[in-house]
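Two complexes, one shared chain (chain A), two partners (chain B, chain C).
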Partner chain A sequence: MTTAVEFSSVSRHFGAPDRLVKAVDQVDLVIEEGSFFAMLGPSGSGKTTCLRLISGFELPSAGEIRIFGENCSDVPPNRRNVNTVFQDYALFPHMTVRDNVAYGLMVKGIDRRTRRSRADDMLALVKLEGFGDRKPAQLSGGQRQRVALARALVNEPRVLLLDEPLGALDLKLREAMQDELKSLQKRLGITFVFVTHDQGEALSMADRVAVFNQGKVAQVGSPSDIYERPATRFVADFVGSSNVLPPDLTRAFGGPAEWASLRPEALRLVASAGARVTGRVTALRYLGAGTRVALESYGQELAVLAPAGSALPETGAEVGLDWDAKSLHMMAGA
Partner chain B sequence: MGSAASPLQTGLAERLTALFWRRPRVLLALLLAPPLLWLGLVYVGSLAALLWQSFYSIDEFSGVVKQEFTLKTFGELLLPQNYDIILRTVSMAAAVTLASVILAFPVAFFAARFANGRWKAVFYLGIMLPLWSSYLVKVYAWKLILAKEGIITWAANGIGAGSVLDAVLTTPVIGGNSLSTSYLGTFLVFVYVWLPYMILPMQASLERVPTSMLEASADLGAGGLRTLWSVTLPLALPGVIAGSIFTFSLTLGDYIIPQIIGNSASFIGMAVYQLQGTAGNIPLAAAFAVIPILIMLVYLAIARRLGAFDAL
Partner chain C sequence: MRSDRPPLLLTFGAIGGLLFLHLPILLIFLYAFTTEEKSFAFPPPGLTTEWFGVAWNRADIWPPLWLSLKVAAISSGLAIILGTLCAAAMSRARFFGRDTISLLVILPIALPGIITGMSLRSAFAMADIPFSTLTIVLGHATFCIVIVYNNAVARFRRLGTSLSEASADLGATTFQTFRHVILPNLGTALLAGAMLAFALSFDEVIVTTFTAGQQKTMPIWMLDELVRPRQRPVTNVVAIVVFAATFLPILAAYYLTGGGEETAGGGK
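On to the complex of A and B.
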């Protein structure tokens, strides 16, 4: 497999030398061609800066970025064969939807007729046939998002960058667009790199996920790697809000004296008599598909996800916990 | 007013607040009435009176205004001596506006995109500072600067460019005996005096162009010039138009600068000033005054047709 994008100990620092902000700090990253790659992290973790390093809007303070093997640290954005879908879409308000989509082709000097037909093809691809003559202001948020997508894809980039592409959409639309983006990527076979702070989005859409924390990559892996085998406390906590067990508690749960993670849905509530671990219920939170039971055990707060329809304990009740041994995951990198 | 408001006063204030709360339109009407009265009666009213006057004519023998509706006065505008004034003024206004756009853009662009904190303050101060001193003082100062014995001639001679200056002054039409007695001088002073009115709206509109839009253009392969032409300028156009309305109409109406600096050729403003004063020809003065209004209306219509306000 070809490597689409490669970071070799890339750093991006901002500010004066005495108050240096390390937005991206010594990042090594390999993004395979044709993959759907997610950069996941809280705000300020460096994921967006990494995306901007690929698009060329930021230049690395140190290290090297290669796109399809070519070192492009000095290549300006307009000379890179990557295109971006911006968070605010950045559609040109004074142009029609068709002219927006055809902008990249116009810049390349492609004739008007070809431009028009390719823009219309692209609009059809994102299910916006017949919208070419409208202005962006006349479209809904979801439609603008599609225009932004079409405008980037019409240039046939080898890598498509998406900066929080679904952040501004409401929940239903977001879920629909997640499926669409995924199938679009499969169909086109282009490498998609997208930035998100939504772990559910990253897990459901991406082939590979890089979790960012404080300018560094905390873990890279498949969604199931990230979710089931988090490498660090941060990853366990950020991706799916796991129960992070300190070493002594891990021992009480039957493991070695190491940091471990135990997913709330892997825990089952049982009778306290004869249970391996017991705890006192402190709060219940109804989530629809289940109920999140917060309890205190060994002075540590734990969360249990009780499936819908199961019997729920009262607040203050003493309950027992059960789990499969394999769901207790040790975190060497904690 | 006093420390202890009487119960009645409190009651009235509270009742008024409640009234405004229930009927927000009453409050709006109260707030808008004074400015609307001012604009409606004093401003639009006098404009209408002006337009009315321009349909009267003057009796050539007695010099008395004949209060009958006629287009004769407008016809007089087409006489060569009057038509010349209009053409001269409009050309000057167009030249001043064009030069202002070209000079203002880099300044406005810098202020909108790069300046922040202290540099922004320096920018505003630099632009506004000339507006704090009297317009007349500035114009007379320029007369001295541009005079034959002035600093420009002195500096040009000092660096051995005196012949260049002379060559420029021998240019037909725009040249003259010295800068202060040529169209070129009038033009320079107009540009100086009106430039802030171009920079400020331009800067405001450039500031509203999101950075992501410029990045999107670069991302789609456009170089700096292409982005400037296809994205930045169209989006800044409302500001350019707003600024050009200022520079254009201010030049069209000004009667002081061409009187002090230049070759004493008449401009619309001067014509109006002389016609309503010494000549007592109010109808022709009014007809002259209608010209800038018409030109601005046509200009705005064209700008709108070209899509200058689409990005608003």
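On to the complex of A and C.
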């Protein structure tokens, strides 16, 4: 498999030397061609800066970025075979939808008829046939998003960057667009790199996920790696709000004296008598598909996801916990 | 709801204030039609349109009118180029002393015209530059640039950087971005700025008196005429022309920028 994008100890620092902000700090990343790659992290974790380093709007303070093997640290954005779907879409308000989509072809000097027909093809691809003559202001948020997508894809980029592409859409539309983006990526075979702070979005759409924390990559792996085998306490907590067990509690749960993670849905509520671990219920939170039971055990806050329909304890009740030994995951990089 | 309606006194006060501001302008129009030529008596003894013909045939009106038009056109043209470039630099680059320079750019409009005039006059004298159309243009350009700058800076700020980035991302060079994305979005703000600048230059008196020497622009000609009681209504006819030449561009600028939220600096 070819490597589409490669970061070799890339850093991007801002500000004066005495008050240095390390937005991106010594990041190594490999993004394979044709993959759907998610950069996941809280705001300020460096994921967007990494995206802008690929598009060329930021230049690395140190290290090297290669796109398809070519070192592009000095290549300006307009000469990179990479296109971006911006978070606010950044559609040109004074142009029609068709002219927006054809913009990349226009600046390359492609003749009017060709670019018109290719723009219309792209609009059909994103299911916006017949919208070519409208202005962006006349479209809904979801439609603008599709125009932004068509405008980037018409240039046939080898890598498509998406900056929080679904952030401005409502829930229903967001779910529909997730499926659509995924199938579009499969069909076109283009490398998609997208930035998100929504772990559900990252896990459901991406082939591989990089979790960012404080300018560094905390873990890279498949969605199931990230979810089931978090490398650090941060990843365990950020992705799916896992129970993070300190070494002594891990011992109580039958493991070695190391940091471990235990998913709320891996814990089962049982009768306290004869249970391996017991705890006192502090709060219940109804989630629809289940109920999140918060309890205190060994002075530590733990969460249990009780499936819908199961018997729920009262707040303040003493309950027992049961789990499969294999769901207790040790975190080496804690 | 009672509280929605302003008290009667406030309503009358507001109407009275507006009348006080604008009735004198109507008087200027009225006196252009009076039959009394030596003094302005109210009510006018009779009405006539003969002064328009007289004004048309007065040879001394045309040179000041052309000079004013020429000066206003050149200074607003200069202002468009320099003001836009300056606004682009200020809104996009971050550099040491940026705030200070921004203040220095705006200063000429805050400075009393008489100070600007005096300083320019002494500078011209020191550099041995004889008074000419150019010296008037330079004087006017000091405040015309500010008008265009203020309009352009506001628009640049509203545009943000994301459109330029999108353009570059799609493969456009800096020039292509300017031509296809920046300029179309900047156009109305620049036009509005230029029109305001034109209007301000056209009726400017104070700076002009210091930088014109023996030349007469339209407003200076009017000032001279008011002292001499000869065919007085002709001055009022010219006043109507000046009013049209300055008011119409300002009105157009107001509509071009969507209700005048951005037409900054119309107050000089």
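Quick notes on this one:
The criterion applied here is as follows: the second predicted complex is superposed on the first by the 334 of 334 C-alpha atoms of A that agree within 3 Å, B and C clash if a C-alpha of one lies under 4 Å from a C-alpha of the other, contacts with A are read in each partner's own complex, and residues count from 1 in each chain.
Going forward, contacts are C-beta pairs under 8 Å (C-beta built on N, C-alpha and C of every residue); 3 or more make two chains touch, one makes a residue touch a chain.
The structure displayed is predicted, hence computed values, not measured ones.
Three-chain overlay on chain A, with chain B and chain C in a clash.
When the two structures are aligned on the shared chain, A:Ser55 is found in touch with chain B and with chain C. When the two complexes are overlaid on their common chain A, residue A:Thr291 makes contact with neither chain B nor chain C. Looking at the shared chain after the overlay, A:Asn243 reaches neither chain B nor chain C. Of the two partner chains, chain B and chain C are each touched by A:Asn78. Contact with neither chain B nor chain C is seen for A:Ser45 once the two complexes are overlaid on the shared chain.
Of the two partner chains placed by superposition, A:Gln199 touches none, neither chain B nor chain C.
Taken together, the two complexes place residues 55, 57, 76-79, 82-84, 86, 88, 90-94, 103-104, 106-108, 151-152, 155 of chain A in contact with chain B and also with chain C. The touching residues of chain C, counted against chain A in their complex, run 162-163, 165-173, 176, 180-181, 184-185. Put simply, chain A touches chain B in their complex at residues 55-57, 76-79, 82-84, 86-88, 90-94, 103-104, 106-108, 135, 151-152, 155.
Per the touch definition, chain A reaches chain C in the complex via residues 55, 57, 76-79, 82-84, 86, 88, 90-94, 103-104, 106-108, 151-152, 155. Chain B meets chain A in the complex at residues 210, 212-213, 215-223, 226, 230-231, 234-235, 307, 310-311.
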